[in-house]
Each structure stands twice: as C-alpha cells, then as structure tokens.
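I am attaching a structure below and will ask some questions about it afterwards.
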Amino acid sequence: MIIILKPNATAEQREAFTDALKSYYNVNVNTWEGVQSTVLGLIGDTSPIDIDFVNAQTIVESVRRVQEPYKKANRKFHPDNTVIEFANGVKIGDGSVQYMAGPCSVESQEQILEIAHKVKKAGATILRGGAFKPRTSPYAFQGLKAEGMEFLSAAKKETGLLIVTEITRVSHLPLFKDVDIIQVGARNMQNFELLKEIGKSKKPVLLKRGLASTIEEWLMSAEYIMSEGNDQIMLCERGIRTYESMTRNTMDISAIPIVKRLSHLPVIADPSHATGKSWLVEPMSMASVAAGADGLIIEVHNNPSKALSDGAQSLTPEQFGDVAAKVDSLKAALGRI
Amino acid sequence: MIIILKPNATAEQREAFTDALKSYYNVNVNTWEGVQSTVLGLIGDTSPIDIDFVNAQTIVESVRRVQEPYKKANRKFHPDNTVIEFANGVKIGDGSVQYMAGPCSVESQEQILEIAHKVKKAGATILRGGAFKPRTSPYAFQGLKAEGMEFLSAAKKETGLLIVTEITRVSHLPLFKDVDIIQVGARNMQNFELLKEIGKSKKPVLLKRGLASTIEEWLMSAEYIMSEGNDQIMLCERGIRTYESMTRNTMDISAIPIVKRLSHLPVIADPSHATGKSWLVEPMSMASVAAGADGLIIEVHNNPSKALSDGAQSLTPEQFGDVAAKVDSLKAALGRI
Amino acid sequence: MIIILKPNATAEQREAFTDALKSYYNVNVNTWEGVQSTVLGLIGDTSPIDIDFVNAQTIVESVRRVQEPYKKANRKFHPDNTVIEFANGVKIGDGSVQYMAGPCSVESQEQILEIAHKVKKAGATILRGGAFKPRTSPYAFQGLKAEGMEFLSAAKKETGLLIVTEITRVSHLPLFKDVDIIQVGARNMQNFELLKEIGKSKKPVLLKRGLASTIEEWLMSAEYIMSEGNDQIMLCERGIRTYESMTRNTMDISAIPIVKRLSHLPVIADPSHATGKSWLVEPMSMASVAAGADGLIIEVHNNPSKALSDGAQSLTPEQFGDVAAKVDSLKAALGRI
Amino acid sequence: MIIILKPNATAEQREAFTDALKSYYNVNVNTWEGVQSTVLGLIGDTSPIDIDFVNAQTIVESVRRVQEPYKKANRKFHPDNTVIEFANGVKIGDGSVQYMAGPCSVESQEQILEIAHKVKKAGATILRGGAFKPRTSPYAFQGLKAEGMEFLSAAKKETGLLIVTEITRVSHLPLFKDVDIIQVGARNMQNFELLKEIGKSKKPVLLKRGLASTIEEWLMSAEYIMSEGNDQIMLCERGIRTYESMTRNTMDISAIPIVKRLSHLPVIADPSHATGKSWLVEPMSMASVAAGADGLIIEVHNNPSKALSDGAQSLTPEQFGDVAAKVDSLKAALGRI
C-alpha cells in the first residue's frame, strides 16, 4: 500500500500516523521523502487495512493498494486452478466445458422431469431450476418453494443430473441438502450474512455477479465465503447494468479472462440472463467459451411462451441442443475437453 | 397495459392469447385493429401481470405498461403525503426538514454519547450509528453488533434523540425493539426476504436506494414492505453507481422530486455516502433540501481521522453545526418548517 | 408509431393533433378508443417524426416507436449483407474474417514499414496507423499529421496492404485520397458535420461506436453517412463506458450479433481499445469472432514499451502472429473463410 | 507522478527508464527503494507525460498522477474566480446568478422576438436559441442555420439581451461574429479540432459536458481552448448518461461544487437538457443554485407543444417567470447577487 501525504504534513503528524499504522496492523512502514511530498510504503499483509480509514487522515493526500484485497481467492497465493468434483465424476475447472440447463422456475413435477430428460440428452450435466424466486414485484410469481425443491430432487434421482438452484434466505439452508450447487443470485451477492452461512456449509456455490458489481467486489464476495472455510466456488458472469437498453444487461465477456487471471476459481457464463433475449444465447455462448469460460448456464423451457417467468430468454430443448452442438465443435477447435 | 402484436399473428392465436390473459388475470381486453398491427389494451388491475410472460409470447411484438407496477406506494391512489410521527412529537413528511446525524459505526459508549449530545445541540432530532456493518471485505471491521445496539439505546435514553440503525439479517430483528427507524442498506434493497419480514414489523423504515437501482425498482422494494402491512417508509437517496470516479457515487438529486411526485412517501437525502467526501456534504445538503428533501442523514464523528469506517466523508460536530445552520436559513427562504 | 393520449384529452384536441400529424408528415392516423385512454396508431413512414415533438403535446401520455428510426442501415429493407470490396480483392462482410493491424500512431517511416511487413506476414490484409490523433490532453502527442499520411502511403505502396486511418476534421479530407478506409473515431461518432462530408466521399468508412453510445445512436450515425450516398460502412465495436475500472472500457460483445441482425453492414471488433490491456487482446479477439465479427482491428507495435501512445494495449508482431493463428483455427471450426 | 515498478525490475532497466523520463520530459526523478518494490517520484511539470506511455513499460507495475493534468483551468495556479464581463455590464462568475433562456431551436423571427421580450421581462440577461442543431437523426429538423443566426441578431438588437448559440463546425465561425457566447454542445466536447479553433477566437465559450464525460475530461477540453489563448470559458453541467431511464440524463449536481473547487471557471447548470422534463426544471434549478451554480440555462418556448425540437422539456414564459422568482428568493437567502 502506497500512501501519499499532503505537502504540509508535519514530522510529528507523520510519526503519529506511522505509529498508528504499525500498532493497528501487522505492517512495516517505509518512508520515502520527496521534494513535494512524502510517500509511505507499507510492507506486510495490508489486506485488513481499511482504505477509508487511511483516506480520512487529515495528512493523507491519497492512497493506493498495490496488493489485491482478497487472499484466498487470489491466484497469486494459489496458482493452480480450483477443480470442483462431484460424486458422479463431473468436474468443473479442469479444462472441460459443462452445460447447466433448465427452466427459470420449476413449475410442476412433469415440467421439470420433461426438461431434465431433454437437456440431459442434449449434453447437459447439471439441471438448473428456481424454486425460490427473488422477483422485483411482490405481486409476481415467487416460485413453488419447498414443493419445487422436491420436484428438483425427484428429477435428480430420475436422471442422474446434478442440480443447481438459488437460495434467498439463511433459514432455507436445510432444504438444500439434496442440492449439488447452491446458487447465490445477483441481488444477494453482497448479502454478507448469507455468504457467511453458506461459507460454513462446504457445498459448491455458484456466485452470480451483482447487478452492478465490480470484478473486485465480486471476488471479495467469494472471499467472504472462502474465509468461512468453503472454497468450492464458481463465479458466474450474468451481465452488468449499463445505459444500453437493447439487452437486459451488458454481458461483460472480458470478465471471464480477467477472473481467470486474478483468481483460481472457475467461471461460468450465463448468456440467458445477461442478454434477456433467446436469439442472443447462441452467439454469446460461443463468445463465452472462446474467451475461456468453464461452463454455461442456459435457460431452457419446454414451452417458452407459457413460462411463468423469464420466457423471453428461454430456449426450447431443441434450440438448446443446437447451441450445445455448436459449442461442442468450438470446444474441439480450442482443445477443450 | 398496451400490447402490440406481430403483423403475422393469426386470429386464432390472438383469441387464445386474449382468453389466457382474461383467465389468468382480472382484466378486460380491448382489441384495436390497425393496418400494420393489432394492439391490445388491457383494462383493470394490470400490476400482477408479468411483463416477461407477455413478451415471451411468440405473437407479441412489444408491450408497454401504462400503469405503474406499484400501488400502495403510488401517489395516484394515495394523494396525501405520508407523515411519520414519533412518540416524542418529531414528524417526517409534514413539510419539515429533519436532521439525522451520527457516526458511521458505533465505536464505544463514550463516543456515541459524546456525538449524540453534540449533534442534538446542533439541531439533529435523530441519532444514526451502525452496529451491524455490511462491509465489502470480510477482513474489515464489522461493527460492535449487539453491544453497539446497547450503546445506542443508552444514548437514546440519555439524550431523548430517536435512533436509526441498519439491519442486515432477519434473525436480528428482536435486537431492534428499542430502535425507532430500521435502516435497510443499499446492498439489501432487493433482499426481498428481509423486506417481507420488516413489512410485518410496523416499525418506521429508512429504505436506502440500491447501488445501481432504478427509481422504479426502489419503489417496488417499498411496495414489498407495504404489501406486508407496514407503510411507515422513508426512501433514502444515497447516490448511484456511474462511470464518474471523482465521487464515490453520483448523487441523483432529481430522484428527490421524482419520488415525491410518483409516491406519497417522504424522501431523505444522504450526502455523506452519496459523495464520500466531507467537503461536498454542505453543498449537496443544500441542493437536496432545495429540491424538496424531507430530511438529511449526515455522518458526524468526534474525530473523523480516527473513525473505524468511512472517516473520509464524516464531519466534525462543529462542521455539522455549520451545515445545519446554513440549511436552516435555506429552509426559512423556502417556507419549510 | 403508437401514441397513447391522456385520459382527459378532449375530442377537439385529438382532432387538432391528428390533423397536425397528417399535415406535417406523410402518415395516416388510426384511432383506437379504449375505456381509459385513446391510442393513435400512425401508418406510413414515421422515421422523420420527432419523438420529442410528440411527447411535448399536452394531450400525449406517452409514445413508442414500432419501426426503427433508420432505413438505409436497416436489414429489413436490405436483407443481404453489404460486402465491401477493395481493388486488391479483399472483401469485408462476405463471411471472411479480415485482420487490420498496426500501431496506434505512425511514428516514423521505418517504424511503419517494419510493422507493415511483419503484420502482413502474420496474416493482416489492412494496415492501421494514426496520423491525426485526437488526444484528451492538448499537451500529449497529436500525431505526425500530413507527414504520417505520407509514411502510410509509402507502406501501402511497398507492401500492398490496404490502409485505414482516422480523420478528425472535414478540411483534412483531401489528404485521405490514398487511404482505403477512413476511420471515424469514437469521439467523433456524433460529429454530424464530419459524417455528412464523409457521406459525400464514397470511400469505405470504419465507424467506431461512441464512448457511451447506444446501438441505435450508432446505427443512426451510419444512417447520416448513408443518407448522403455512401453505403460502404463498417461498424466498429470498441467498448463502452461503464463503472467497471478493471478495463478501459467494457467491450460489448453482444453488440456484434445485434448489429448484424438489425443491419446489413459488416462489424469489426477492436479488442485493443475496448480493453486497454494487451493480454486481453487474444481472448477478446476469439470471443468477437465466435460471436460473428467480420474482422478484427488490433494494435501492433514493434516496441510497445516505446510507443508514443497507447503502448499498454499493443502487441508485438510476434504476439499478433500468435493471436492470428488462434483465430485462424477458430475460423476453420466455425466454417468462416 | 508516482510510478511503482515491478518487483523484478533490474537496476539497469530502472536506470534506462529514469534516463528516458528525464530526457523526454523536464522532470527530476526521485527513487525510493522499498523491500517489495521500487517507487519513482517525478518532480517538475508532469502534465505533458503520457500515462499510457509509462504504463506500457514492461517494468512498470502502476502509475498515479499526483498533479492534475490541466494547468490553465486549475484553481491551484489561478486561485481567483474567473469573471466573464460583457459590454452591457453583465458578469458571470462574480457571485451573481445569471439566467440564459430561450427556445431549443430558433423557428422564426416572430417566435424568437416574442420569447426574447418575455424572458427578458422575467429576468433573463442572455437569450439562448439554436440555429445549427446537431440531431441524432439525419431526417430530423436541423435548424434554420444562417437564417436563424440573423433572427437571433435581430432579437439581440431589439432587446439588448446577449445571445448564446451552438456551433457545430469550424467553417461556421464567421457567422458567429454577432454572438456573445459560443456554445460547444455535449456531442462536440471532444471535437478537439473545433476546440482549438474556438481557442483562437477570444469569444466567451459555454462548454457543455459530454454525454458521458468525466469531470477531468471536461476540464481537459477547457484546457484545449485555453491552451490556444481563450480563457473566457463557462462549464455547463447538462447531465450524464446512466442506467436510470426516468430522466433523459442524470444531472450530476455534485459536479458544480467539484468544478468550482478544482477550477476557477464559472459553472452554468442546464436543468432542461439534464432531465428532459419540464416539471423537473424548477426543483433542479433550485438545487443547482443552492449547490453554487453561477447561472442557469433554461429552455423556454412560447408554445412548447408546437416546438420543433425538445418541446417536452420547455417551459412557457410564464412558467419560466415563476422559476426565476423562486430562484431569486433563494439567491437572497444564500447571499448571492
């Protein structure tokens, strides 16, 4: 951490501040005196230091981190890719491209079973489907809740697919026993209380990027989960909020190679929510895998125009099959598994 | 709701869709046939209708709400201002300008008592202070928690100030018995599970705007609380995320008159978090009140450069006194109480 | 165009407004009377109608375009891809993927010749290089200007590469005689006076997306050029401004398939300027082509750390060769030329 | 300027880089060697140094400006407010609040005369009106051009009001002889060729903030004009592009006190274009002046619903009179002239 002091800082102020830094945090402080200003260089683990605390000092002109504020999620301290392995042999992060597919909402036992069979046939290894749905309006369909969880379990038993579904509340955790991957939605990416509890659960987590989160904030949310002991995390790019209204969000494809460079965690791409338009799912799936994504999560509905939520972005199982086939040939060209 | 159908929609498709709308929702459907396209006009309460469901229909070209999707928060159905009254006679929303002031974090009993006395003397009627702090980093100071809540209660008892403090988790609600205003922070604005529980509590709520929320989403979050029976809500503008990096957020002053036109709920402005810079608190407080804010929430610390969080944006009690005096003369010129 | 009138609009007001629309513009007006409100449907060419004019009417509740406001750039009226052909046989928009490569700035005759030979060997068909450089600071290097143009011409003559370079001022047009593709930079995307003059020149144009332009505004800028008679336009995605600071801009990969669906014009991707980081050029090049781009424009410098501008995002000729080789195998897998 | 070198930089590399900096630019380089990394501190005028050049060096980890990159616009080197004085005694920047008012477009001699008389009576000292209109669509009304300039001159002669109007092209400059303030529109804020020519003209300039420009870029555009010798510049805040769609732009009120702190130049607020809604003009005018604006520019039309452009945001002369009266009482309370 580099701290630039104001030109008018006195030697006493500087000394008092330097002493405070050393006593609060486990760091050494190097002082470099220039003509115009004095610069302090902090050596040691600066990740617990609050930048706002430093900025608030009257003698501080500005401050800049040299180290990233995340440690457990940082590739520097963990050079090898994290590979998440499931009981049935599926792996995420090992160079393969996994397909997660299914409806936005679980609507009935028949619906989820039908879709599960079809997406499995088309190449999916993981079934997605929402039982607890966080919706902008209190008057919109909020999911089948506990009943939806049971339908998912039945589909898992019948097809052998792994299941991923979203959690919205700490007290629901016991309902997620049968779930293979707990999804934390974009609106809860900074629900730190939820992150901490999930961190205690040891179950793989799909951590969606917040609606308008920076990549660093997203990695810090992964760090929350990891700091409680759970390092089975996949980061999911699902678009960010911008001024452009042609798509629901702007999919930040560059976040895929950036996260893979800064962190050892796998990255999943969600072209369905990122764009909100079914006809963009294919080109954005291709782009995501070409940029290095470890998997795709795609909305598939047996009857998109009757979907109880988010139909506009859902593919039919047949369309999903076409996308999967195209991505398969791309994978081959890229030397991916 | 106006639905424009695709030019190639057949009469059968149109009829089937119209029947579906009537049977799912309590609406009448008017059909206007044009040369290029057919337009459906829905009459009745369209707020429960899911726009995504409509958009997903293969025969739908586009859809547009005429009604706002919020009802209880809507000024159309509740023309008079909501006025929130407290036991000690303080009112919010009655034309007065109330000052909420205090530190970002409660740090000790002495600290909060000293600040409470000083901000009261300077004109504040409500004491703010965080006990549960949602922080981006798991390694940063997370607040004194239950102990901090006790320090706040003691400050309330000793000074007679009302208290406002943030909740981060449903299970903490019992600790908020003595709190006068429950704050929902920006990161939890769409934590719908938390909103629903707070909606059952009947306690006044300060609902901060999300980091990158639209005004409509913010009003929908108020609607969540209101739909559970609690209509004692203040909306708090605290800046939105933009590309500009000179300030922590971009304070959307226009949100103040817009919310007051669309809704009957009071609006509080938070210039400290909106800008992140103490020297901007005065001009942005003035602007907020000139634009119609019902109150200000301002960070005040007895020793900003020793603050454990967010010191860079805190005022000293003396600076807060100056701001309050300037806003007082502005209030007089505006005919505010 | 669908215009929703306010419920309290009188029959006289409606008639006067309808008559005004018919007399100002060449349209017919259908009136659909509902219970709550009246809707006007405009039939005919509504592209010249000013939405603001309509919105300003006291009896208008809201207005919505059904047609896109661009005609010549619109795929609806021109279903086939525009293919731009050059004298040497190079084509853009025919399914091939063309590489434009070269330095941000032309720095000397030797520099541009050396780079030209190397990028040609690596597969580029078009040489890029700036002679007139629009820079944020008046004190930064502004390019070699007319001399730089001569160095480019010499490189063209010696290597047979086509050349693309940026124009910043109408009066410079005569200097562009030898240039094969005139680039309009992001900061000039809405310099309408420049667009109109370029529209008269018939030379192929590379139209960069503005720093924070919508896709529709970008297509409208293409329409400006086309409305003067020049339809040889390539649209260049170069990232948009968002809150994310990890990259210089956020590359909007989804803009590639969107533009190709809405318009018949070819799309070029600029991963160098979009990200500002040389190590992101490869993954973003791959993503762009996987999403359907007709070409790439990539900054290549023989000595990036001595580049007079934008070195941080430049590749060495060797690195460019590696990227081109990877994109070549991707092209093969995609069935591109 | 503080440059942090990579830990693996060799002594030779460091020396070569230090020598290059000294020879290219007129600076001294202080070297501070830390345990983890070496930091270079540059002393002298670093404003001509290209940050991208520095970042591109292979041995550079990161770089940070301590000085602002603008000099002539910088309050540090020019502590007193710039006051712009006109022949008729009107001053901008002296503590007064000036009103600029008039239609978006000049439409006829009668129209501009009628509005001029009415806004003068209501307190305006400067008449605004567009003759050359930069429009997103080539098919929209582009202004009366030279004829409109003549109508403005006639209105000036008849009423004694100063006139402000927009320039879109260098070659139009001779038509601006009679104009008192040349407006550079948001879309041309980084049309550097235009800025340079205007810098040679010595006429007062109203420089609008770009659609999505940072405050620093905006000041750099002022610097362009000043670097050619013209320091009669007013900066005009007109809203920035964000994701919020309730207003046309998000008015960045905080930019007003920020610019006034960083620079000595006056700041004008444009609530009409910033919001796009006439009913927001009053509260945003109040907020702008409360935050320190030196003037307001407001769209006024004698018949907003017949305006040929931007009617939705125009006030009638009577409404403008009401706003001016309210701002007048605010001015009095603030001790402004």
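Quick notes on this one:
By written order: A, B, C and D. Residues from 1 in each chain.
By our rule, contacts are C-beta pairs under 8 Å (C-beta built on N, C-alpha and C of every residue); 3 or more make two chains touch, one makes a residue touch a chain.
It should be emphasised that the depicted structure is a prediction, and the values quoted were computed from it without experimental measurement.
Each of A-D and A-B has its own count of C-beta contacts, and the greater count is at A-B. Set against the Cα centre of subunit D, the chain with the most distant centre is A. Between subunit A and subunit B the centroid-to-centroid distance comes to 27 Å (mean Cα coordinates, whole Å). One inter-chain figure worth recording: subunit A and subunit D are separated by 40 Å, centre to centre, where each centre is the mean of the chain's CA atoms. Contact of a single residue of subunit C with at least two other chains is seen at positions 212, 241-243, 245.
Contacts from subunit C toward subunit D in the complex involve residues 47-48, 50, 52-53, 55-58, 69, 134-141, 168-171, 187-188, 190-193, 196, 210-212, 217, 220, 223-224, 227, 241, 304-305, 307-312, 314. Listing the residues of subunit C that touch subunit A in their complex gives 212, 214-216, 240, 242-247, 250-254, 256-258, 261, 274-275, 279-280, 283-284, 286-292, 329-330, 332-334.
Contacts from subunit D toward subunit A in the complex involve residues 2, 4, 28, 30, 32, 34-37, 39, 41, 43, 61-62, 64, 66, 212, 241-243, 245.
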